[in-house]
């Protein structure tokens, strides 16, 4: 029973098979290989537009490189307080951007609002050169609280961005999970809603180590390739990065994996909600369930062999909150076993 | 006939097999997995010491992270004029070090000399705070000119480093090729000769994308792990990085691969030396052959299907210099075909 | 009636006279002049210890250089939400520190508490390499809200710093104003209370452009001088910087100037408190008065020729807050005129 | 007899007088004062164009800020090997530019040639993303070897810059000395010859600490003001910076000071040339004389009380080279005394 993170999961068999297929003969390095060329075409087709796609090995690299490309060192990025870029990347955005700041916004469900962006920009205008200059907004889809921005919500944020001359970055580490929830096309969920640059994640949803930075606005991409190189993120044997992402997209593997993970997260959330002593603290919309539960239940589940982490406490709740993450390899059996554990603990408590 | 670079080569079958073997079930992420633990033990055994080993995906990352860990932003690194860190990493060391400079030394064979280090340090002392402070020396083994520092040469450089309070970094992108040439143990070629930190390369010699930064001096490693994280070089699914390096070391795969590449490079060099109209411009000691040859021969070889690059011109030579790189997958047939092409061109010329 | 800022004030006549006195003949540059040597002695005497003193031209330079010297790029600085370093230096600390973050703490009066530091450190420990590592605390004395840390409060913060291995930086842009309020020695207010490095301000209190970074812990100062040089903050004609600070200290000019400013701020605060329709929102302890007042009074005062700024709104107060700053050149007449304006407006309102 | 550097000189009386005149009453801070406004107008008049002028306190700040504004972190600046930015600023340009590199060019007289720029750009094009991207050229006027670029030479460099899309920066720490030598207008020596941004020095030629960054191309200045603020180079009491530069320009003080220094340097050079045992190693065109002289003469001069520095040795010369700098305060008597010392040493030698 492993619900610790989707990055504890192995890779999909199809992706390993693609590495094998790619392992044939000499090909040009640094992205001038036929697999990378095919990947570019594939991404254009999937996103129904001509985009600039740059594979990298990690999500932190994708986010930090994307932001550094659109924000000056004297600039700033507006994001949610819990944004991965603000809390879990050890200052990578600040490093890559040359010291630019993150301006973090409080929120209840991982989502920021256009009015918050307006307020930040009003203050920034007043501050003149004494204050950093916001140049981008970064939103996470699905969010760090397992919620998903509706397409209209993204569009409203994008409208605020355009009004203030800000670029819109989407951290799509769990873009597939969000997309499956939204039930729309990749295009509708990204550039058609006004996203300028997307960190398109594959690692958490079936790859070994593969993400792609997708620029929908080619002007926003100026300098990206040299930034990637000087950050050590240009793979010499690029074929092995591109092959992962190609296989990820092939035959909708990415959507099938995310559908599986989301279904089991829903089952987990529904099953837990039926147990009176726990509380689902966020609307479950992707593959992460946040549950407030008594410490004694946490202990009981850990003793039964379940892996998961305690999360940030929720204000005004006097029990801890845990995060349960499902992945493409989570089994129905694991979920049912977890629910049985929680259920029997609850019955013992009631008895 | 591909002699363009060892990074155009595919991965060794054993390394792909290791990825498969690693692809089983959920394991802890970010390096807390059993494969990474095994790799640490394996590296300790191979290098006959207790070292700190940190896998990363690219050689540029390994070099830049290693140097940033031992050099302050107001510092400097002394290296050869042709050092990869100085010429082919788009300023990665400067970026990671926060603006510290590279002080490059002219040389004839890719190797720097202790006396050159002494001279730099004498000038730096005189300059006071107006000058950057050299804090490390970086040497490449095998060098960018295909030569190999003798163990005694490394030890002499290390002695100069210690005299001046400098750390010694070795860029070992082709460490295996150098080691095979030297015929000594990994320990003798590294920490026993005074190397403080080694970028231990595997990508060019059979991995998909895997290097390890090896600190022989634990005090020199302070801060490395946070630097790796904030540079986006900490893989969440670390097992896939560690598994590559483990397989690389298993059953001496790394040495067998390098022995193969070196043998074919020797055959290439010897075969070409026997043709009167070309000139081997550096002593061939690893897997790179540098050859001065007439433009018409270059054209003839390219037309025959050979891939390779023109290199930096050698002073006082009026013909271009090309670089020929062999790898673990180079075949005897490719080499012989190349030599035949060159030989028949030479005969036609003589006729 | 100028209460906009103490940096709108001219310089003290004594400081200009010192520039004249310094303007004689050729002297060695970059700090090897006799005036700088004398200043070092003077500062040792004033602070009753042997310290390392480095003059710079601006307060932002003093703060950012001090912090960069004691914090790694992967580190962080803990400070108040309203700290000048966090809000008014356009990201200077982040730039100088190479991307390290500021962790800002909410507060009611500009002061942070030891328990808040403990809480940040507990979270940082849990986060491992995914989080930045706090390495310093920065407090402002007097604070941005015009309050002054008691010596015991500084000592308690210092104790928390030592418990967690953090350096303690004090932004003393208004150190003289705080000191006059505290009525203790400079030593008691700084190193004896556990401050490791002090940005010792003179500009706001009578200099043209002069601050000094004072390191009480010489080990903490390693690298400072090269950092100052490479930031363009080493004056070639250093005598003109040192002469300002020497004159500032001579005959207690600094304390006389601050005493004057504090006295008039007290008069302003007392006078305003006597008018029913305004509210002093912070305990006035230095030379800044924060007053909540109706917009119509703000307009009336501006129309009467008073210069001052609206400040951050105070939660749960429905009237704006203004900041009134007195300086060494503020006259009693200005203050009385301001109070008369406010008083007559108040009477008109009551009528 | 002080010929150590023009920054050992005191300030001109007119500039100190301007500080006094500026020291009246409260004025707006950070550049919104009337003196700064007047300075802008004055600079427009002197340079016969509408430019963007930003005062800072040091030459290193002026250079590093100017370059960081026109060069990306993945970029590079082409300059002479002896350029002050490359040798005497402790890596300030690299720090401010976020790690961009300096590409230094060998030369004989401190001047670089358009053909060298062409050659660098040809190599950079070939290197693709593996190499940094040159985005600016920086030339020093007068050069570090005391020579002066002819207007036509600057124009030819500018033409090469424009052909390659590079900005042209001029380090004018001794711009006045160069201008006096050239005998042309400031406009002819700067923007009319194709300079995009000029570090306009005043400190070495009579100010206490004052330089201005002059952007002739407003588009090139985007972001400069926030960069200055976050580097700690925005003076709160800006009037004292602006007043220095205004007085420097008033009544041609700058040109009178430079004319004086150049005249005495010429006298020094001529006088020394007449002594057989020394050799002027560079054509003297500004206020620096470079002289090869026997060690025994150096000793004799030092013993006679002369201050000056040994300089970089000149290849193929077996005697040391010294640098003699004159300034606005150098007296005829000092020069004559120096020449007498050298002359009598020479006679003793011949005897």
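Observations on the structure shown:
Letters A, B, C and D mark the chains as written, and numbering starts fresh at 1 in each.
By our rule, a contact is a pair of C-beta atoms (placed from the backbone, for glycine too) under 8 Å apart; a residue touches a chain by one contact, two chains touch by 3 or more.
As the structure is a prediction and not an experimental result, all values here were calculated from the model.
Where touching is counted per the definition, the chains common to chain A and chain B are C, D. Shared contact partners of chain B and chain C comprise A, D. Placing every chain at the mean of its C-alpha atoms, the farthest one from chain C is found to be B. Centroids of chain A and chain D (each the mean of its C-alpha atoms) stand 51 Å apart.
Chain A and chain C have centres, each the mean of its CA atoms, that are 42 Å apart.
Computed from the mean C-alpha positions, the centre of chain C lies at a distance of 35 Å from the centre of chain D.
Across the assembly, chain B contributes residues 73-74, 89-91, 95, 98-99, 129-130, 132, 226, 229-230, 234 that each touch 2 or more other chains.
The part of chain A that touches chain C in the complex is made up of residues 73-74, 76, 87-91, 94-95, 97-101, 127, 129-132.
The residues of chain D lying in touch with chain A in their complex are 30, 72-74, 98-99, 129-130, 132-133, 223, 225-230, 234.
Across the complex, chain D meets chain C through its residues 2, 4-5, 7-11, 13, 16, 19-20, 22-29, 56-62, 64-65, 89-92, 95-96, 203-204, 208-209, 226, 229-237, 240-241, 307, 327, 329.
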